[in-house]
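Okay, here's the structure, questions in a sec.
Letters are used for the chains, namely A, B and C, taken in the order the chains are written, and counting of residues starts over at 1 for each.
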Amino acid sequence: MARLGIGGWSVRLIVLGIGVALLFAPFLFPGVRAIEVAARICVFIVLVASYDLLIGYTGIVSFAHTMFFGLGAYGVGIALAQHDASWSALILGGAAGVLAALVLAVLIALLSLRVKAIFFAMVTLAVASVALVLASQLSNLTGGEDGVTYSAPDLFSPATALFHDATGRTARFFGVRMDGKIAAYYFIFGGSLVLYLILLRVTVSPLGTVLKAIRENEARAEALGYRVVAYRTFVFGFTAVMAALAGVLYATWLQYTGPDTTLSFEIMVDILLMVVIGGMGTMWGAVIGAAALVMAQYYLRDLMQAASDALAGLPLLPDLLNPDRWLLWLGIVFILLVYFFPAGIAGTLAGRETRK
Amino acid sequence: MNQTLNRLGNVNLLPLVLALIAFGLIGSPSVWLTLTIAGLAMGMMLFLMASGLSLVFGLMDVLNFGHSAFASLGAFVAATVLAHMSGWLGSESWVLNLAALMLAIGVAVLFGLIGGFLFERIIIRPVYRDHLRQILITIGALIVIEQLIFVIWGGSPLNVARPRFLQGSFVWGNVSIETYRIFAVVLGVMVYAALYLLLNRTRVGLLVRAGVENREMVEALGFRVGRLFIGVFMLGSALAAMGGAMWAGYQQLISPTLGAQMMIVVFIVVIIGGLGSIEGTLLGALMVGLIDNYVGFLMPKAALASNMVLMMVILMWRPNGLRPAVK
Amino acid sequence: MNALELNGIETRIGRYNVLHEVSFTVPEGGVFVLLGRNGAGKTTTLRTIMGFWTPHAGSVRFRDTEISGLHTSVIARKGVAFVPEDMGIFRALTVAENMTLATARGQFDSARLDWIFDLFPALKTFWNTAAGGLSGGQKQMLAVARAIIEPRALILIDEPTKGLAPAIVDAMAEAFQEIARDTTILLVEQNFEFARALGRDMAVIEDGRIVHTGSIEAFAEDTELQTRLLSLSV
């Protein structure tokens, strides 16, 4: 941390650039789709940064991160759908979701963090898949496969005018309508920023140092008197809460919660990809990885569609380039990254090998 | 609980205990028998899919998250072969029926062997001894294989033909048992017996068992465990493909996400059974198969959750599973 | 021809340099003793010879052929046997299965097997039981027996007397004398009395460096040198 090379500075510059772009996103990139992309990036930065604290800093491989994300989201979704679109419903529902995530995380940790890391990965995968099945089976509560649709508090409604101009209509700044959508975006942006800064603070605290020591050499950390299991349980619970809070934000933004947006295995794969692309154990990498992959998700598919159409008539190629097959290409990119750039974008730029 | 069990025999009796409890809960002997056979059949297919995963982990400390992709591959290859053999499948002669089925399974196994070889060389070899990258890269491989299956076979579910002699059921009084399930049990028992003999009666098997326990010492005695490992990896992949082929005939409708779906159950099986031993895997597979069928009858909505509860209980009692290999 | 020659061996494990320019020569026949305190680098030396670690620099010559950089299994096939400190017994296998694996082709030479049964009668008694159930001393006997079931040129033995009862240590010493008639033994020991009874030549390793080589008798008489190098008095 003390001395930064050019790479270190360029990583920070990129992160700063992404931050500024997100801050002014509604003004820089007008249009419904662009703001969807920006909001998704904000939420995924928190989700990925919290996952990085787990996998990159502590060396715990968990597949339950989407489950915690989903608990926060479903807490908000169910509360808002079953009651009115009030702040109290949002807060109570969100709190219930976060609490459920914490309790579940501590339970899983106590049960299986004692055993080998790889065992833990399998256990979390199994638990998360059951959560997914439960979400689609308890349909009178969760809406099953269809999920739940609801309204956010009035402040975030597109019909709400934040400012009025002289004629009493919704004011425009730089050509952008100051409506509830803007309020919702800055709620997401601010919330994500606060959560990200908390995560960043944790990694540079003494706790972060202990976590790294545990990752480097568990036996030695234990011998030095650190209670490894207690630390791991704490981190697992803490990151679960962070993921659930990200879920609260996302559910508030989308005004929809369903298995595909929060719980699915695809989201877990997305998170993994973002962590690896950005760079494990760097925190800055989370920002870069989330931004890069979300953009790719939204815009690469268009590109693939165009390519697939252009190649129509040829054997196999159009199928390979079908936008629905974009996971195939991501999977290949992912494998290549893990081979050749295990440190990810941030780690490679900064020139530091992430040690196992 | 430990001592009581040991006095009675050991953890091997657990499936029996489970069956007895279920008998009490279900009440009707004919329903119970049907469910038990169904559970055993499912257990044997799960055993096929899980045994390779367990052995590979035991021998090389490699956990292959892409393992279930081979089950998926096997299912689709077998379905394709069966679709081309409809003449033999529908024939009156059970010999032709069986030949078609064996050919389908054989081709699936062949694909498993070749796929396993390539997978070990390309995917696994560069990331030995690095668990984190292993997990990441094998998940990447699972995605890629699954997507390739999408590309080759399309996204819509595929119908799987069953040979004529395995259609229908045996009926004894008011007990009715699907023939296919009996076939699954018979095949599973045969494969288990063959694996057991291979591991316990041959020099290669001896080497595998020794390698699971202490890889370095096997090398110090003059053997290349790396070469042994690729063999075990290929065998494990082929078994998974065989399990997938059987599963395809059992479900009669398969979709490309089969691998990802089976991964969870396969993991639960090896977690319960303990990693590194085929005895443990068989035990875990039978318990999962039985519980799934019993609970599916008693409380249909709780079937998958029941496997999870079973896994949690077993982990609390034995954190390394019921019968892990000696390490 | 020497049984083994180490020249300027540097071994690194992770970020740590464990062996520094380790050089010594083990003559053909008899018992050569490598002495040193805990953590001095004795085990690393044996593991480097056996090919578990590849030295960063230097050479290991076994009967005039370079073996550093070769795969462990190849080194073993050339006639080097290894008895690790933890004995490396396959506990899930029977004594017989443990022994079979140590043979080149799965066949026992019955004369040699009888010779081993004479050395370690317990192995005959427990031939068909799981090796995990053996006592510590019996496990050590099995580990040594595995190393000699085929004729070997060199046996590396890591602290065989650790944690064994005195009676068993004596039996072990007798067996080693018998084995050393036609095989070279490189013995790592902390028990100097045991080493002295068997050994002819020796080296002392300290902090990954060879600090003394010579005959064991001369060393035994030089109490001042012993105290300095091993902080032990005889």
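Of note:
In the analysis below, a contact is a pair of C-beta atoms (placed from the backbone, for glycine too) under 8 Å apart; a residue touches a chain by one contact, two chains touch by 3 or more.
If you want to know which protein each chain is, UniProt gives these names: A = ABC transporter permease; C = ABC transporter domain-containing protein.
For clarity, every value in this text was computed on a predicted model and none was experimentally measured.
When you average the Cα atoms of each chain and compare centres, the chain farthest from chain B turns out to be C.
Across A-B and B-C, the chain pair carrying more C-beta contacts is A-B. Note on chain placement: the centre of chain A and the centre of chain C lie 55 Å apart, centres being C-alpha means. Centroids of chain A and chain B (each the mean of its C-alpha atoms) stand 34 Å apart. Averaged C-alpha coordinates give centres for chain B and chain C that are 43 Å from one another. Those residues of chain C in touch with two or more other chains do not exist in this structure.
Of all residues in chain B, only 203, 206-207, 209-210, 213-214, 216-225, 325-326 touch chain C in the complex they form.
Within the complex formed with chain B, the residues of chain A that make contact are 55, 59, 61, 111-112, 114-115, 117-119, 121-123, 125-127, 129-130, 133-134, 137, 265, 269, 272, 276, 280, 316, 319-320, 322, 324-325, 327-328, 330-332, 334-335, 338-339, 342, 356.
Against chain A, in their complex, chain B makes its touches with residues 57, 63, 123, 126-127, 130-133, 135-137, 139-141, 143-144, 147-148, 150-151, 155, 260, 263-264, 267-268, 270-271, 275, 301, 304-305, 308, 311-312, 315-316, 319-320.
Taken together, the chain C residues at the contact with chain B in this complex read 50, 52, 71-73, 76-77, 81-82, 84, 88, 90-93, 97-98, 100-102, 104, 106, 132, 146.
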